[in-house]
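Chain lettering (A, B, C, D, E and F) follows the sequence in which the chains are written, and residue indices restart at 1 in each chain.
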């Protein structure tokens, strides 16, 4: 417990969190500090490229085993299942319409790659090794949640959702999925040799880029919170901090059943706890235009992301350590 | 003296100066070489992030002392005072209108962060250590000069300036100030540990990014000089090379009184000698739309910046070394 | 021969080729994966900056000799000559109009800098040293081919080309030529010292940036191939793989006559084999608006570039090794 | 100089709907269209800006299409079918063009 | 298709004045506006381009606002008060819109 | 508010021809022009996008010029001479401007 508080404490003082806070503060103070869209996109491409490749290289290192396949499968199930749980919770906890509730629910079944990266850093910093294929699990968990959300709509609010083949393709071949999976596979193929070649680009400077990227996320999140003041009712806010904890417990169960390492369990918890703010919002604008974007964006980027970053990750680490006896 | 000439000579042949020259040459030759706006902004964000953080980390290292506070205060005074001196000088040396003179004066009270960075590199290359908090002094010196300029207008050309609360906020919460100060504070908080984490991003590649950024500055400066041929009268040009020398002498006095290290004195001279070309021009467009931008942009970016980069910095270093017996 | 197949094989599995393939695949699958224009331009500026500087630094190291001047001259000749050969070939092999044939021919006399960079990596990986001034040869070969193409038009299709002083200046002071030559000269001037200063920026992360850049090229090439399905007739395709082989043999002769190192010969072959997809297309749009861009873009970026990347380079390396007994 | 009557249709639409709109336009037989970036905006659903944004979920683009008047109605119907349930603005204005044969 | 008369107000204004203009527009009760980037330009005060620029001091943006004719005058007055002492261009043109209730 | 008749000339032209067009416009004595980016487009010569593009060979820009009606013809002639042999679209529409003295 104490250890966990200590961990939480110096997690709070880690550069990435402080830069996120700086961004939020700058946005609230209405500073004109901003990072160009192209640079922000460039950084996110860099992050996907780097973690995908590193994950693949480490798989090439440790070899493929049954757990890998089972983990992917478990991720798939969780991504499908969590939105349904979230939807039920939203209907009881908040006054959201079916459409809004389904849209929000979809975000929580999917994942936030930056939260995943932050968790990986914390794990590494605490001397834990993590299964490289957790990156592939992350990729697998991105899209199914969207389908669940659309199914919820079809189920509870006949015909509201606008679904077509193009949309399915857009969801499954989403840029970040393609880049993450592609880099992962290339990492698998080229292995340690490939990693040595590009490590000075994707390994050593990684933490620095991550800091700048979190500054940008802070700016965007802060701006969103300022715009959406009205939206954030107590019930919603509560959901935003409760849902990740619930999600993480599902990830915990999966991780334990799969017999993952302490680090792996923690990452599975983090994936299940995190909410998407890139892939899912775009899909929702196409499929559920009536759903209010400021609700799901504020919740996922303004509440759940900071919660996971600051308190969630240390919590998941502590629990994973305790229960895996790692 | 000789040593200084030698220093000036190989300063002139340093990559950063050569890349600035390349940019100017390309612009004069009307080559279509150009760096995308987003990339240029990205590099300037990188530079502010890096020097702010490094400065903070070194303060965390050496601890805070009275000199820090006094230096900030001295910077504040200089930034307020220099424009008034510059204004007087402009009125006697040039035929500029009150408005144009005040606008130009504001630029010289403020600072150019790249000039500061270049001076730091030269100092380090000459084996000098510099006070990390000079970064904070740089931040403090950015804005006050603008207020001085507006005061000059109010004083000598009643009601010409368009001043309002929004403008004050924009000036004080200017993006580069917020990023520089924020990174500085985060550097202070996370200290050596934080620096180790992101050094491969902000320390080792720094000089290379600086070269590319100076190429861009050369392109912009060269384009500006080409556009503003007519503007640059002998009197103005003379001011552009005289003012930094005068400014630097004020910085020298301040640095000596504060008892800064040789490197610190040199940086204080550089800050006082340098002229803004980012924050101040933007503020002037809002507050003094009648002031002719090509005058202050050409002077600060086309004359004073290259002067400081090539001759000024070695001069300030030589003087600082001589007078601190460093 | 066997050695060559082995080489070709693991060349095919090198990260840069796999990322190019990933890009092509993503484009064909119509994924929305894309790299912002500003980031793509930023990466290409980085690559030109880096190889130019490294080339110059190595010349500073090994000193200038007669071969340098002769190599530049040889490059000039080849760039002028190859288009004429290509034009003749196109007229017999394909049904292209004079205008289209001339436009395509111009691309093959010029060069692709990324192909050159890829070849350099392969050479280095095989423990070969290469003449640093080959970068200057690359720069010299960019423009003359355009003039040849325009001459061909003037010769065979009176007055079709729209040529003027501005265009000549645009061609000769093309951004990539200026940056490449400028960085090369600065590398020469600052030498090993300058290189040490910025090596952490231009050397160590280089391969990683190259991977991302090839991902982008794959995306663009794939999109182009999808758009231009109709255009790529068998005859054209054949030309796209035959011409580089022919071009490389001319480069081979030149390299042998010049007495270049094995690596140098291989690079000369690569330069002669590669086709431009940046400088020349832009010039052709201005000078030969009637020429169909999808023909020359598809050929150079969609056929010849991948051919050189995958099979060409190992072939050129094998031949150069065999004939220089290196 | 000889000019011809034409219509300028400008649609400010969400970036995520762009390809759907241009597909619909090609259905309607337009000979061409151009897509312009929109940096920021404000409306009944609040303010937004692309600054620092990574995802495509937020933000609009402007699709401009010059067409001959006789094709207008078909285009509007097909375009509206796409925009209908989404935020966005469709405007039509008169303009004159050179090289009428192209529209 | 049923369309309605509206006005298209396009203001090319310095980037530094953007937020002041949009605030003024919201004052004037516009229901929305869009901001388009301007890459470069030329005028009585010379040529400019955004290429390689870091500061916001130089450069313009285009603010587009579709409004119902009855709101035009108020908007122009409020917008002009902002632009008056600055460089920039205000144009008004007629257009037709779908979904008139939105303007 | 007092406004004055003017013409809005919008030319969508290849990026590589931009400087040639603006030179021609200055020849024609325009008082100013603005250049807007175009992200993507489609036409008789196919679809294109700037995404990931390094070279300037592909892609268009939109050049906007507000002029007084009396200068229109000269401008169109000079502009057309540049665009004639290239792809691109020239449109002219009526608009009203404030500060007519500027055009």
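FYI, contacts are C-beta pairs under 8 Å (C-beta built on N, C-alpha and C of every residue); 3 or more make two chains touch, one makes a residue touch a chain.
In this text the structure is predicted, and so the values were computed from the model without any measurement.
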| item | value |
| --- | --- |
| Where subunit C and subunit F overlap in contact partners, by chain label | none |
| Number of hops, subunit B to subunit F, where each hop joins two touching chains | 2 |
| Winner on C-beta contact pairs when A-D is weighed against A-C | A-C |
| Reference subunit D; chain at largest CA-centroid distance | B |
| Chain of greatest Cα-centre distance to subunit F | A |
| Equivalent interface positions on subunit D and subunit E, same or different at half | different |
| Between subunit A and subunit E, centroid-to-centroid distance (C-alpha), Å | 39 |
| Distance from the mean Cα position of subunit E to that of subunit C, given in whole angstrom | 45 |
| Intercentroid distance (Cα basis), subunit F paired with subunit E, Å | 18 |
| Junction residues of subunit E - those touching two or more other chains | 36-37, 56, 93-94 |
| Two or more partner chains touched - positions in subunit B | 32, 34-39, 41-42, 205 |
| Pairs of chains satisfying the touch condition | A-B, A-C, A-D, B-C, B-E, C-F, D-E, D-F, E-F |
| Subunit D partner contacts - residues on subunit A that touch it in the complex | 34-37, 40-41, 44, 162, 166, 216, 219-220, 223, 227-228, 277-279, 281-282, 284-286, 289-290, 292-294, 297 |
| Subunit C-touching residues of subunit A, taken from the complex the two chains share | 36-39, 41-42, 45-46, 49, 169-170, 173-176, 178-179, 182-183, 186, 189-190, 194, 197-198, 200-202, 205 |
| Parts of subunit B lying in touch with subunit C, wherever the complex brings them together | 13-15, 18-19, 22, 25-26, 29-39, 42, 204-209, 211-212, 215 |
| Of all residues in subunit F, those that touch subunit C in their complex | 14, 16-17, 19-20, 45-58, 85-87 |
| Footprint of subunit F on subunit D - complex, ascending | 1, 3, 6, 8, 22, 26, 31-37, 61, 64, 66, 93-99, 102 |
